[in-house]
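Alright, structures below, take your time with them.
In the two complexes that follow, chain A is the common piece, with chain B as its partner first and chain C second.
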Partner chain A sequence: MKCRTCGSKAVINMRQHKLALCKPHFLEWLPAQTERFIKKYEMFTRYEKVLVAVSGGKDSLSLWNILIKLGYQADGIYISLGIGEEGGYSDLSRQLCEDFSLDRNQQLHIVDVKKEFGETIPQFAQRTRRGKNKACSVCGLTKRHVMNQVAQKFGYDVLVTGHNLDDEAAVLFGNTLHWAGEFMLRQAPVLPATPGLTRKGKPLCRFYEKEMAAYAILSDIDYIYEECPYSIGSTSIYYKHQMNLLEHDNPGEKSHFYLRFLRAKDNGLFAPPEIIKQDLHECSNCGQPTSGKDVCSFCRMLEQGNEHLERSQVN
Partner chain B sequence: MVTIILRRKVFEIRPGMTLLSSLSKLGILPESVLATRNGDMLTEDEILVDGETITLIEVISGG
Partner chain C sequence: MKCRTCGSKAVINMRQHKLALCKPHFLEWLPAQTERFIKKYEMFTRYEKVLVAVSGGKDSLSLWNILIKLGYQADGIYISLGIGEEGGYSDLSRQLCEDFSLDRNQQLHIVDVKKEFGETIPQFAQRTRRGKNKACSVCGLTKRHVMNQVAQKFGYDVLVTGHNLDDEAAVLFGNTLHWAGEFMLRQAPVLPATPGLTRKGKPLCRFYEKEMAAYAILSDIDYIYEECPYSIGSTSIYYKHQMNLLEHDNPGEKSHFYLRFLRAKDNGLFAPPEIIKQDLHECSNCGQPTSGKDVCSFCRMLEQGNEHLERSQVN
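Up next is the complex of A and B:
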């Protein structure tokens, strides 16, 4: 198969775009497309300060790499979750993020969950009602809280994550199966800032996961290949597999599913925009916006953890 | 034979087929892997030859 641009040997064939490219042209194409989506969805400009959430995985490190290449002011944030043993998943991913930032001379904020809040994610998951030994919900809640906290504290204009199209399509697939309308309304390439909440963007939301893996490998980005131990057998991987079965028989299906959803939402299929505005106020503990009665769900989780701790110390 | 490696799994498959047919014989969705030969990525139309090793890189991650 030949590169469409130069005719030399292609390294990747993207059936959904009917586009095969060689290594140099793929490495040009992907950042150029990213730039196009950043503009199309009005995510941020070169005058704004961007905070990139990095996990050590292929998507987030590639995103950081691309933004630096494109000339954006992009710093990183890494949240150390305390997953795995010493030298295991969290330690390794942290090392990869630190090395990446040092190599490129970029600033990286590191927040260690245990140091900051007293316990690791697996410990929270065990102790709290929310966790029920399932770490992913606790982990997601903690990451959202910490990322917003750091973005607000240091005055970043936008917080970006490395979600790719497979991530977005899988979430949408799950939400559609459960008709989780309130979540669907909030799924978008960019979420504008609201009081206390920094703007969020997903510059990779139009790329297939396979394209992102190819970009990371062809750019020699050292990323963590090992899976988070909690994601094994997760529903998100199951949904991605189901989407890929459809994609395999009908190239472009995954992309259409997501893009037609965005279009339908823009056209008001789900609800007029004013209905989705929730009544938010400040959490009495941390000050971040919440729709809860008093404290936000993150602080509620912390309290539950502490109650349990105190109780077990008394016993 | 052609050796195909995916994480800790090793498959042996007869040579002369395209990467695409080889993956489908093994029940692996091409959408979920990248194939490399001596570190270089290859497209799915390539014919796999006797004695070579193809390493598959899983591209799907959770979360």
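Up next is the complex of A and C:
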């Protein structure tokens, strides 16, 4: 297999793009494509302040790396979740993010969930009653809250995450199997800002996971290889597996499924957004926008956590 | 496992309904549920003339059987497609439908595609250029044309087919993976009549395939066991398989996927139908409604077939 650009030996063959590339041309191609998607979906410009949510994994650190290379004003935010034995998983991923930011002389915001809110994610998950994937649900809720809080506080124009195509297709697949309309309609490469909520973008949403893994390895990015211990048996992994079965039988299916959805949305398949638009107001506790009655889901979770804590201390 | 109604030995355990029943109670339950769906989706009444499309398979013959038992005015239509070695598959299924109608003293319309249009389905499929599943595509087109033609000619109020939940879920799954909006929005238990198009209903759309197989066997209905030889490797079988994998991991998933879709549609997830409504006009050849420029897809297929035929005779 030869590089389409220069004819030398290819290191990657992307069947879904019908494209094989050598190392230098792949490391050029992926950031150039990222730039194309940032512009296509009008995610942000070089005049805007970007906050990259980094976990220490291949996707988010690669994204940060790419944005810096492309000359964007990109700071990082790392949220320490207290996951793993004695928080070991989180400590390692934090270290990788700190080293990354120091090496590149970029600002990294660090929020320690336990210090800030009194408990780690596993502790929250234990105390609160949420569905099957308690830890993932609590973790998502917490990260969304903290990321927006920091983005708002420091005046970032946009908050970006390292979600790749496999992530996006799996989420869409799950939401579609359940016809979870509101979630489906909110799924997009970019979500515009609304009062109190910073704009969100996903510049990697059109890259396959294996492309991102190849990019991280070939760029010598030091990232955490292990998956989060709570992801084992999670529905997101299950839907990724289902999408991989479909992709195996029809190469490109994952990408088509996601892109055709975006196109169908643009072409008016769904109800106009104003029909399903929620009334948002400020949470009486933290001030972030919420569709809840009084406090937002995050603050409700904190309260629940504390109630349980108090109760268990009494008993 | 005991029958929920009478406590005697159950012959079927329907996990997705959390319901086990003995033979007599299952044979009561399934028609009663069919009646419920006919009413719920306002498919037809006992004052209306119903035309049941029968193929000789378990679903359509069971449906006809149920409608007769329930006291509906239900005639049959059998379309002879010329499938199998020397049309053997079609001959057998035709015989089963004729025997069924004679035993029950019900009218059966028979249309022989070769006699009517000059060629069998396999011959059409060979001559015309249609996608991957040529035979299935040509067959569906032909059956839709003929069924509507007969329903219109004899003044039936509604045309019903034996599509079960597995059929409906698989079609929806395929259309959703491709975000084929128009097809998705047309998928429903009942499609109202429009000028030139008879109303269509699917009274079995909420029964699992295995429930219908059990009903046919326990009712001693003589049906054709073999699948159509062209269905092997078809996309419909592929999507059924994918749905079965999901159902295996989450019993009830198939049913939820379909029913949640119907509910989402009712709740306004999709664009109002008038946005995607097509302009239909009469085919200049057969007079049936079409969205095509001049002739309908069926007549275009006939013409293509004939062109090819003429060409191959010249050579």
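In the analysis below, the second predicted complex is superposed on the first by the 310 of 315 C-alpha atoms of A that agree within 3 Å, B and C clash if a C-alpha of one lies under 4 Å from a C-alpha of the other, contacts with A are read in each partner's own complex, and residues count from 1 in each chain.
Following the convention adopted for this analysis, contacts are C-beta pairs under 8 Å (C-beta built on N, C-alpha and C of every residue); 3 or more make two chains touch, one makes a residue touch a chain.
These numbers come from a predicted model, not from an experiment.
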Touching partner for A:R263 - first (chain B), second (chain C), both, neither: second
Which partner, chain B or chain C, touches more chain A residues: B
Partner chain(s) touched by A:K200 [first = chain B, second = chain C, both, neither]: neither
Partner chain in contact with A:T176 - chain B first, chain C second, else both or neither: second
Which of chain B and chain C A:I232 touches, first, second, both or neither: first
Touching partner for A:R127 - first (chain B), second (chain C), both, neither: neither
Contacts of A:E247 with chain B and chain C, given as first, second, both or neither: first
Touching partner for A:D166 - first (chain B), second (chain C), both, neither: first
Chain C-contacting residues of chain A that also contact chain B: 245
Residues on chain C engaged by chain A in the complex (per definition of touch): 176-179, 181, 184-185, 238, 242, 245-246, 249, 253, 256-257, 260-261, 263-264, 267-272, 275-276
Complex contact set, residues of chain B against chain A: 29-34, 36, 40-46, 57-63
Residues of chain A defined as touching chain B within the complex: 1, 10-13, 20, 23, 57-59, 136, 166-167, 208-210, 212-214, 217-218, 225, 227-228, 230-232, 234, 236-237, 240-241, 244-245, 247-248
